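So, here come the structures, one by one.
Both complexes below contain chain A, partnered by chain B and then by chain C.
Presenting the complex of A and B:
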């Protein structure tokens, strides 16, 4: 277990770093803004928007860069904390936030939204809805044969993901190749480019609810990761606890992917990286995941929107940045704290 | 005072009857050893008492309360469990593992606090494992891991601890160490123990240690004989129930009388039927 001083430093770092990165992200972009500009905008806020001379700067900061940075942070945090919680619950380091079919289901929902409605609100709603439906189906499959619930649950997730992936392929096949297909393809690769304050607020509700739920049972996840036999005799209501974790991770993940599209890797790799740094105690691991995952996606999104003139899809970059990052950490810590 | 009362417990896996009307009770400060071959129903019985299996018939009372009416947390405040071997898990530190013994006291939505850490540390030191506090649990040897789990059971602060073959894959030295600590906590804390074992001499060990000890011989989901070790672990019972020929020996060490039983051969008609 970590000592108190280390824990204090860690807590401060987890709060300060995101703020720093969000501030930095306000400076970075195609339109140059100096430190002075940013601070005046942040301090004066609304008053500036009335000044036509500075309207561009104002809307750039408040309507584009800030909401996008916040969205990147909460999406990354949601995916990471969900991935970490599910890994603990399933006692399986290969599980990620999309394990129970949320991502595939949300992808299918988004396809439906894009093809039949083509407005953001319906895309978000359908993506969220089908994400949750996919998890419910996995859960029902997991209940069919209940002697080893976690194994059948994982199996259920794999089956449901496969079915929804097939449905996504079918939707892509029938979609109008000039107009709808590119939209679907880009959605599936993940992007925050359409982010505005409204989207961020929509995503924040389920993410906050899910993350809060996960944080409340984080000690129970520790005990649950010893296996049902031991957890049961240590006083954990294993069925109820598992249900809470599944519901909360699904809500948080669905809330994230419905606005950002499919972003892989974050929910798998961030928990492992954090494990190597702070150990396996979910009391510490999960909140740190929230912060580190948020910062990670924030940085990746900065790269995505600034490195070349067109945006690079996020899902592509998370793997390209995350992979080497993981290897470096693995080498540094010699896998300490990991399996 | 009766801590555990088991009445007419029965259980089946699909069609197969595994437990067939088992009844017994365990007093405070007493150790109750269940001795029997693999597959005789020992573990199933322990699982029913722990509430991990739902028994089909019969009642289990712990400290006067019916097991069926207890929440998991309440149950865990009454019975602790030390398994044969743990499942694979994440590499928690030893102290974190012991701290998990306090889960039943912290409520579903909160974590153990500083006083729980102190309880855990005390429990670790009572099995001589204080130096292992920050070691990685999954990298411990079998004997060390068993002691950590015993510490966790102590931290759980229950009246009853259930052991399921706690020494089944330990070397001679670690076996003694684990058995000795089990005897020590029964004496120091005046708790009760139910222990499944393959080794009849464990029962003799506890008896010669001066603990109130009873042993039950289990075969085909029933108790063949129950009583004091020296009454039960005799030639006749061994021949009747397990179809093996044994010889009992007795020696002294200071003022301790040492009993032990040694297997010799199968009885006529009781030979191992291999293919």
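Presenting the complex of A and C:
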């Protein structure tokens, strides 16, 4: 499987496809802009923007569609690579990027931010912080019973997620139903509609750090997925390795979630799709996850913002596309798939 | 190695895109200019807008009601989805359905909004304008944004005036406000004489049985004008309830045991009918549970254009002996004829007053958002 030509083709596909999709997404939207106009804007952007007649069209392409496409890509990529890494590490196909409580924790942080501060900076910061805190708590729970660390860790994640979900419900209960509650509800559904360059930059830093970290230990994830004892005999420090994976996936996921809200399914489905295409080797699987996950969310967001004039919430679409797919995958893996 | 290069490339690509997309900031220009006016909105922000704009984005159900009432329905080019569920409104002004729907129950679709004909002024509710990221995107279009909302009767009249100023319909706004003041005057002059202890206790259910008036909202204010005791705020509890709480528990409701209940959704009425645990409420035993009428909006809802009618109707419903000379059918007909220039048939009046005719309350449609 790992022959050089195949890898070359795969690598170029992973780089070219996102670029192509980002470009395509500049051309599609509710606002009618001719293909010719968009080319003019792309080639001659700054000059075009000086003309007040066309300033809006310039803004649309460069300041609304482009940051949104980029944000969709990095968020999708971050969620899938984290999901893929965690699935490998836990040797469990049902794990996703929010497994250790990041999403629920970040949701709670965002609720706090919306209710008490109502400004973006605090919402992002609190979401990120509580995402990390949730994972830390799961990790501590995982430490309690040391002889089966992965199982307790997963359990810890489930418990912490449940606690934070309950806290979210409580925040919704106390929130002002006219002004705060709609914001909270919408945040929890996940959306990229507010994307701008600043938000994208904020999200990019933790995502890039997390993703790079995961990339660097992807061989060790392969070893971890053999099981703890086997990994130990191969000379891998399983505890350290697991900690690195957990830290990196949490940072990447929290970075994505704090800006875009909780977007389900991407971190669960994409690694499975990719596994069917490139197999189980994390060295190949994870980078491809990054690219494919990014493209998937990009396309879903494109649908969300352009099919009807009232934006469809992203969480609805990812589940509607991802849900049926997941069933198909389950069916196939049962028949001797890649797990 | 290939993959590490790929990662570096990807990071570089994103960074490059940020530089490409760096935006220049334009400060709000407030210098007076021929053909422009400067208004102050609900948030106290000064906004410069074109005099008599030809295209208006009205992304707040009540704003569309008001603008249409003033005679400018043709100028509305963008609305929120809620307006399409205001059935009587759409019956009176079918033109409204030609406007683009740019907001569902969630967020503004910025591209749909930017389409031609592009609004020259945008009327929004605070929920949207308090959303920083959304405003950052809107800023790029340079469309002036007027935020409207109101927390009491006085403010509602100011907002009516503001919308009149924006569209050059000061006369229409003044006529509406005069009617509004007359109704308030008529009702308060008659109910003022009722001594504290003899005022009826009233519970106002909003959308759900246990959701009621928040402190400092229009519905708290207009119910006070009617001269009743609102059980949502019994005595010293008003403070502790605070502005964030708008729900009572079932036990609290039973304990406060109102003599009258006014309700703004048909399904709440059905729920009460089907719930024996509520049948010992004084209001139920005495047959004093009423559905608020539903016309263009649900009368008396926090963002209702028919607030004056709600005041009159509630006063007559609760103190019929004081308002024997008021004929609600006639008042209703006159209101829609005078302000919407629309003649209601008798069956339409009955439909409005029954509170069930024009829509059934589902989701956010009737929240005025």
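The rule we apply is simple: the second predicted complex is superposed on the first by the 324 of 339 C-alpha atoms of A that agree within 3 Å, B and C clash if a C-alpha of one lies under 4 Å from a C-alpha of the other, contacts with A are read in each partner's own complex, and residues count from 1 in each chain.
Throughout what follows, a contact is a pair of C-beta atoms (placed from the backbone, for glycine too) under 8 Å apart; a residue touches a chain by one contact, two chains touch by 3 or more.
Values in this document were obtained by computation on a predicted structure and should not be read as measured data.
After superposition on chain A, the partners chain B and chain C are seen to fit next to each other with no clash. Of the two partner chains placed by the overlay, only chain B lies in contact with A:234; chain C stays clear of it.
When the two complexes are overlaid on their common chain A, residue A:119 makes contact with chain C while staying clear of chain B. Legend: residue contacts after superposition of the two complexes on their common chain; A:243 is shown touching neither chain B nor chain C. Judged by the touch definition given at the top, the superposed model places A:70 against chain C, while chain B stays out of reach. Between chain B and chain C, the partner in contact with more residues of chain A is C. Shared-chain residue A:223: touches chain B; no touch with chain C. Put simply, the three-chain overlay gives an angle of 150° at chain A, taking C-alpha centres for chain B and chain C and rounding to the nearest 10. Of the two partner chains placed by the overlay, only chain B lies in contact with A:280; chain C stays clear of it. Note on the superposed arrangement: chain B and chain C approach each other to a least C-alpha distance of 9 Å.
In the superposition on chain A, the residues of chain A contacting both chain B and chain C are 283.
For chain A in complex with chain C, the touching residues are 7-8, 11, 14-15, 18-19, 29-32, 45, 55-56, 59-60, 62-64, 66-67, 70, 74, 118-120, 174-179, 182-183, 186, 189, 191, 193-201, 204, 208, 211-212, 215, 283, 287, 290, 305-306, 309-311, 313. Within the complex formed with chain B, the residues of chain A that make contact are 1, 88, 91, 216-220, 222-223, 225-227, 229-230, 232-238, 240-241, 275, 279-281, 283, 337-339.
Residues 50-52, 71-77, 79-81, 83, 86-93, 95-96, 99-101, 103-106, 108-112, 117, 134, 152, 156 of chain B are the ones that touch chain A when the two sit in their complex. Chain C meets chain A in the complex at residues 2-4, 6-7, 9-11, 13-14, 17-18, 20-23, 81, 100-112, 114-115, 118, 126-127, 130-134, 136-137, 140-142, 211, 214, 243-246, 302, 364, 367, 369.
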